[in-house]
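I'd like to ask some things about the structure below.
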Amino acid sequence: MPSLGAGMETGTLAQWLVQPGAHIKRGDLIAVVETQKGAIDVESFEAGTLTKFLVEPGTEVPVGTPLAVIDGAGETAGSEVVKPEPVAPIERPHVSPVARRRAQELGVDIEALAARTGGSVNLEDVEKAAGTPHKPAPVAPAGMRQAIAATMARSKREIPHYYLAATLDFSAVLNRLQTMNASLPVPERLVYGVLLVKAVALAAKRFPEFNGYWVDDHFEPSERVNVGVAISLREGGLVAPALHDADGKSLSILMREFLDLVNRVRAGHMRSSEIAEPTITVSSMGEQGVDSVYPIIYSPQVAIVGFGSIVEQPWVVSGKVVATRTITATLAADHRVSDGHRGALFLAYLRQLLEKPEAL
Amino acid sequence: MNDAANTTRQKVLAALAGVAPELDPNELDPQQNFRDQMDFDSIDFLNFATHLHQAFGVDIPEADYPKLFSLDGCIAYFSKRPG
Amino acid sequence: MNRETAASVITYREAVRQALHEALSNDERVFLMGEDVGMYGGSYAVSKGFLKEFGPERIRDAPLSEAGFTGVGIGAALGGMRPIVEIMTVNFSLLALDQIVNVAATLRHMSNGQFSVPLVIRMATGAGMQLAAQHSHSLEGWYAHIPGLRVLAPATIEDARGMLAPALTSPDPVLIFEHILLYNEKDTLPATPHTVDLHSAAVRRSGRDVTLITYGGSLPKTLRAAEQLAGEGIEAEVLDLRCLRPLDDAAIMNSVRRTHRAVIVDEGWRSGSLSAELGLRIMEQAFYDLDAPVARVCTAEVPIPYPKHLEDAALPQVPAILAAARDVVHTRV
């Protein structure tokens, strides 16, 4: 972690800009570091092959901490070491009295904060963790914003999208959820999004032309069904990392993984496999109050399923009009790979799974 | 505010901070619900409920979730529960 | 010698002289007694011309007997006079310790209030003029330890001018310490000087990042350090204690609660010094406001050296104050 300004004590590695195996020249941009002054592109001081990352994105480390291994240039990725303090294991965190008192006032978890700051907590750390007043509207980190923009632009430009929508009776899912959750303790309860993911995974397994990648000029179906889940970040920005093999997992395991994934993502600890490997994506916008979503496919995938809010509306059940909680599912798919007929079958199957959720 | 109410409030704020560390308690409208103020989604709320569950040591039936959608709601709810 | 009626730039020495002159002129009970105060005009030239102006009854040259003339001062005070005893330096006051600590400080208590000792003792103090081991002590901290004494350390021209008059109104002994390096300091004295009190600490420079607490001869160095720190983005608050006994706890804690960090600059030797007392009081009263341990810059624990470079190295200097302040501001707990 380089020193990027007078008085800089720590920096957060926001993202790597190269992958292991990359050949680095002196001056190549290799990482984005988040500092008090904002996001800063870090150049390599060494040349060689970057063989290994030593620090995960999202980790805050003291200035001088080695970030990666570059072979052929000495042992560690160069950065001028101003204060080579290793990240000490935390036995008893050092927390200044005023930091401790302020943490209590602001409801900040000192232990968690100490773990993030390497075992030392000053007043400033607590106030930063609790946020500053008059915080401007959340803005995604510059690097991420650019990445999203690039992906979305490419998708819209290159993929001939077609859209299909189906509104379905969601009451069976909600009833099933209620029953399951009634006997589960709070930390193990399910959210309905997990059932959506499972249903989409099963449908993708049944209809392989919606599960895979468009590579060069052709479609490569995927053996595995890794459902990407669109997750919004608290400070702005959107990522859609994968829940691997979602078709084969039980709801409780899927829920646990889903919760872990969302929490890790929001804490900035996404794994590269999660970014790289979704084979189809689910985007649930229901909580924002929109009825239906017309999502953009995440290139190089070939389909994305959107879900809107749960809307209670008049519905005909066995010839009678009943107030029913419904949800609208939308399929956006790549017309080079599938057509509306297949898309309609996909959605019909999805409806079947969600209206009779015992199979999930 | 008496000590017991203070502690309840602190625990609720700590649970909130666990989910939304950027939150400034002074900026929070105690009556407005979290979804509107802080863009809570179902996962945020689940994490919040889990923290509350751990902080107060009581089970929270799903049916009670709507009572926990605002700061005042949470304080009222946990002030009445034993533990 | 004229009393200044307009604002003027004067030296600390001149301010003390003016204060003495005013006291001698206004109150017949006041007299000045000490070694070389009369014929010599004062070992630091403070009472130059006074013998001629006020006569030998009011300006009394004493023999080399600190215990003797301090005792005489106590007796005179008991008898209704308002003596100002000048002990040439705090180093020589050690010879009068029994008089000061066991007689002047205790008579009120031991007489159950029947007697009080309205005695003012002025002493030069401190190091920096190569006067070597026996003539360079800073023992204000020792005297601040004794109940029954009020201990003052005027560090500014305003206090040098203003503290004597209220000191003379005290029914109990008051010690006034004048640091030898301050005598030549200059500053502007307003035409009508403010009345000064004998108990408040004064914020000489406002800041929000660290509180630098000091007194007496260390004030100019501390202010210079604060100037330099401002250039580095550290806003240091400088608190001049003014009165060492009793200490102004409220002012100290008020400052530390705002800045969360404290550095004490004390020319006494570190161990058992006034800085130790201040540090512990801060811990007692403002622990939960501290973002870093309290730091101090004191004299190295050696008899004060004679060679200039060694004397300079032993005393608290601006670089050491800067280092302590930076450390306290930048280092994580």
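Each chain carries a letter (A, B and C) given by its place in the written order, and its residues are counted from 1.
Here is the rule we use: contacts are C-beta pairs under 8 Å (C-beta built on N, C-alpha and C of every residue); 3 or more make two chains touch, one makes a residue touch a chain.
Worth saying up front: this structure is predicted, and the values here are computed from it rather than measured.
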item: Chain ID, smallest distance between chain and overall C-alpha centroids; value: B
item: Selected pair, greater C-beta contact count between A-B and A-C; value: A-B
item: CA centroid of chain B to CA centroid of chain C, Å; value: 57
item: Separation of mean Cα positions, chain C and chain A [Å, integer]; value: 65
item: Rounded Å distance, chain A centre to chain B centre (Cα mean); value: 25
item: Sites on chain A touched by chain C in the complex; value: 7, 9, 94-101, 120-123
item: Complex contacts: residues of chain B adjacent to chain A; value: 10, 13-18, 20-27, 35, 39, 41-43, 46-47, 49-50, 52-54, 59-62
item: Chain C to chain A touching residues, read off their complex; value: 233, 260, 287-292, 330, 332-333
item: In the complex, chain A residues that touch chain B; value: 104, 106-109, 112, 129-133, 135, 178, 181-182, 185-187, 189, 191-193, 232, 234-235, 258-259, 262-263, 287
